[in-house]
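Below: the structure, in structure tokens.
First chain written, first letter: the chains are A, B and C, and each begins at residue 1.
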Amino acid sequence: MCFLLPARLRAPTGLAVAAVTAAAAVALAWQVAVDGMIRHNLGGWDAPLGIGLYADGLSCVFLVLTGVVGLLVSVYARSFFSLPEEQEGATKLFWPLWLILWGALNGMFLSADLFNLYVTIEVVGLAAVALTVLSGRPPALVAGLRYLLAAIAGSMAYLMGVALIYGSVSALDLQVVAQSIEGGSSLRVAFGLMIAGLLVKTAVFPLHFWLPSAHSSAQAPVSAILSALVVKASFYLILRLWVDVFDGSVTVAAGQALGALGAAAVLWGSYQALRQRRLKLMVAHSTVGQIGYMFLLFPLITLAHQGGADAPWLIHAWTGGIYQALAHGLAKAAMFLAVGVFVLAVGSDDREATVDLVGRLPMTTFALALAGVSLIGLPPSGGFVAKWMLLKATFTSGQWWWAPVILIGSFLTAGYVFMVLRQAFAPTKTPIQLKPVPRAMEVTALLLGAAAILIGFRAEEVLFLLDVEAPFQEAVEAEEGGGL
Amino acid sequence: MIAGIETHQIYAVTAGLLFCMSLGGLFLCGHFFKKIIATKILGTAVFLLFISLGKRNAMEFADPVPQAMVITGIVVAVSAGAFALALARRIWRETGQSTFEDKP
Amino acid sequence: MTLNEWLPLIIVASSLVPGLVIFFLAEHQVTARTVLNLFGATLKLLLVLVVYYGILRGNEYEFRYDIGVDLEFSLRVDLLSLLFAILSSILWLVTTLYAISYLEGSPNRRRFFGFFSICVTASTGIALSGNIVTFFIFYEFLTLATYPLVVHRGTEAALQAGRTYLWYTIGGGTVLFVGVVWLFVLGGSMEFDRTGALAGLAGEHSGQLKILFWVLIGGLGVKAALVPLHGWLPIAMVAPAPVSALLHAVAVVKAGAFGILRVVYDVYGIELAEELGLLTGLAVIASVTIIYGSMRALAQDDLKRRLAYSTVSQLSYIALGTATLGVTGSIGALVHLVHQGVMKITLFFCAGNLAETLGLHKVSELNGVGRRMPLTMAAFTVAAFGMIGLPPIAGFVSKWYLGLGALEAGRPWIVAVLLTSSMLNAAYFLPIVHAAWFREPDGEWTVKRRARYLETSWMLLAPAIATAVLSLAIGLFAATQWSPLEMARQIAEAWYADR
């Protein structure tokens, strides 16, 4: 709708819409927490035919994450895009594209049917690419095209899987499909295709080739959205399929394979981040590594499932993975925003240019440091809770081989985070003239960084929310299946 | 018609072949335009599979749900393709680059 | 919730809040900053004393807070935590006074005092933590809070030192992380007041428990500067004197030593540790560290580096006492935790005074300095004699108990280690004392003493003298009811009560 507005009205409208959307997400989460799962069938048709919207704890957690990050990034973007140096290209299209993207993300978290999920993920992908190329600079264009081709290939693989599933069970609704799945080779192929397609979109090693260039060449608020939210969307979808739909048919080997990819991503991404000289590339590579952590969730929950639904580490693995997604979302958004401020002020994103950052941009450095602490997983922070839970799950489940990956990963992360901060403390002899940066930008980056730390103090609420229709409560699920 | 094989099964097998071929094309061809064509064929393969599903239960009439999905899918695919073409053209105009390997 | 539940949290917050507020003050608001700092320090000390009084009357102070699943944040006060908390709050107050004067006129003081307060928050948190998770949280928090202090000067050397410091401490933290999670998996949340949770596992998992012990010690040993994990400590000397004083006497190294105490006595428990035969190894490592540190100290000409190696050596007395079985040895370890802190901080204050007033950094430059700065050097002498172990200064008391404990436990070789170390201590401290008092100055002092003025600013002098007097007093009055020794005795006797 924003397309219709004249350019100067777009930012305030966008901001207002952002606030309303975020508020709605929080309200929905509240309602779900109080009343339990919500299901709404559009047009009044029932599950097999109609299109259902469905909100449970998992979707609410992601909705709220998107709401919080989205709102703060919107505030940041408003200042960012009113700067004279960011006016080139088609930046006035930011607001409509971003709101479409946000809408599609929310739609995705709420969709209850496979095909709807396809549509939303495609819209997310297209809007994300459009945002990437917003500046119109050649590197961004090339990166955007690469991203677009990868995204199309990914969603087509997913759609192929949907077709095969429809072919064998004649249904698209997640719950209906979950109940009528019996196994068999075509289902396995379908599952493989869907997961592979989504892995491309989530940029899991070795399918991450498109991510660093795309995320680093986009403009700061866009990078934050891409890294914090867009890759989480396809992660959410994999998780949803894995635990809700293909619950019975996933094998231990498949879980281990995903875990191995995740582990490789942790090591490779963090190592690459350590090697980068440009800050934005560093942060983008760090996303590859941090996404890897989330995938360590799969071998843990899969083995738990094979060994009985009440395996003691299940809750740890589950919380750890989700918490990693949350903490990374907040911390990475903070980091990209802070780096954005820095690039604006200094005019360079060379890692060596951060000299005396503490003295010159204390607030931004603080945001960077808070986000870094959470990424490393030092207590007290969201990242710490995530790594604690994952590590505990690996020990309890006896899959100790993931533990070194987690630890080496945080060690490498510490390496690149402190490489930046170390420079930041060095005073300069020659004071460099800084360009003034709007205060709102610094504040939003700091708020996001603080949020990444603060969620480490209180996991209870998130856990409570996750508990609503948690996929492992067999009894609850069976009862609800009867109701439909 | 070969005995035992229905038309929709031929469609389905063709779809599978096309899918693999276009994936290969997407990764192996260097030129932007070829890559974009490959994604289009990829889409076609998927839609073909959907259409073949519509007839599989030897019903009196075709199952309408896959058709509805295909229509939606085509709309999405066309816009994605248009977007990709526009991007490729813009890149070519600005840098003269037509593959990912070229350094501008 | 009652006040008793909130008190531990308030004690922690009493330095955290001023620290955070300081970040929001402007650089030039010196008065506000000073008032805030001193207010926080005094409040903390008062609260800790109130809690001490309450504990003696049998009150309980505990704050609990669920983070999620089975992660629980818990602050609980027992005598051991009080011992450490009283030490840190007294020394913080003194060091704050010192730092205000020491850093007068230097840039970035807002940042310095902000992190300074946060650093003390972390060390109080370590003292009060009621379970191993909370301990770990504050332990890592301490790493983060001290880093900006180490690199405060921003010189190339400071940055280099900061980097070394980080690699060591983050490496140690990572190892400790593994240990803590492992412990958690084996024995639950490891509340420090439920010793023996692991005892039931001894038969089944004794191999695991042994490895786990060394993992934990490895993680803690970095901060406790056990050889070969001590490398960061002498390098971190580039930090300003108050920071070195605090790092060496209270915050960082004591966090490691305190952690070792907790692990041996409250996590494993003496019986289990003895049964698994873990303590001999620890005693050997501690002895090696003691001797090695002293030998290296002998070779240093830079005064602060000499003191740093001396810290490496002295600190391991605590680990050694812990590893000596028997109540007397434990008393020695506990009381040395306090005594070493008070004496070492005196030495660093004096070194800072010399550097700040006369620009002296090297041992070889100290000839005759006793005449120019008599009060400073008097304080230095008291503390150095204490370190050597001359009666009646504090250091004597702790060495006495350590030696006695070793004999009780039937390990005479530990006594030999103690004696050797005392000789080495004498060998590296006495020349300084001798040179300062009895040698002729090499030439005129570059900074003239102004008539009728003190030898240096009173705010630099007073803390050094106060801690020197304190180290004399806690040695002299060790037998009274309120001395650290008495507290240590109560703690140690409680540990051994059920044997």
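Things worth noting here:
Just so it is clear, contacts are C-beta pairs under 8 Å (C-beta built on N, C-alpha and C of every residue); 3 or more make two chains touch, one makes a residue touch a chain.
Because the structure is predicted, anything quoted here is derived from the model rather than measured.
Separation of subunit B from subunit C in touch steps, taking the shortest path, is 2.
Chain A has the Cα centre that lies closest to the mean of all protein Cα atoms in view. Centroid to centroid, with C-alpha atoms defining each point, subunit B and subunit C lie 69 Å apart. Mean C-alpha positions place subunit A and subunit B at a centre distance of 28 Å. Taking the mean of the C-alpha atoms as each chain's centre, subunit A and subunit C sit 43 Å apart.
Residues of subunit B found to touch two or more other chains are absent.
Subunit B meets subunit A in the complex at residues 12, 19, 23, 26, 32, 35-36, 39, 42-43, 45-46, 49-50, 53, 56, 63, 65-66, 69, 72-73, 76-77, 79-80, 83-84, 87-88, 90-91, 94-95, 97, 100, 104.
Taken together, the subunit A residues at the contact with subunit B in this complex read 115, 118-119, 122-123, 125-126, 129-130, 133, 136, 138, 141-142, 144-146, 148-149, 152-153, 156, 159-160, 162-164, 166-167, 170, 172. Those residues of subunit C whose C-beta lies close enough to touch subunit A in the complex are 66-69, 71, 108, 111, 136-137, 140-141, 143-144, 148, 151, 154, 156, 158-159, 162-163, 166, 170-171, 173-174, 177-178, 181-182, 184-185. Listed in rising order, the residues of subunit A touching subunit C in the complex are 315-316, 319, 356, 358-359, 362, 373, 376, 378-380, 384-385, 387-389, 391-392, 395-396, 403, 407, 410-411, 414, 418, 422, 425-427, 456-460, 462-463.
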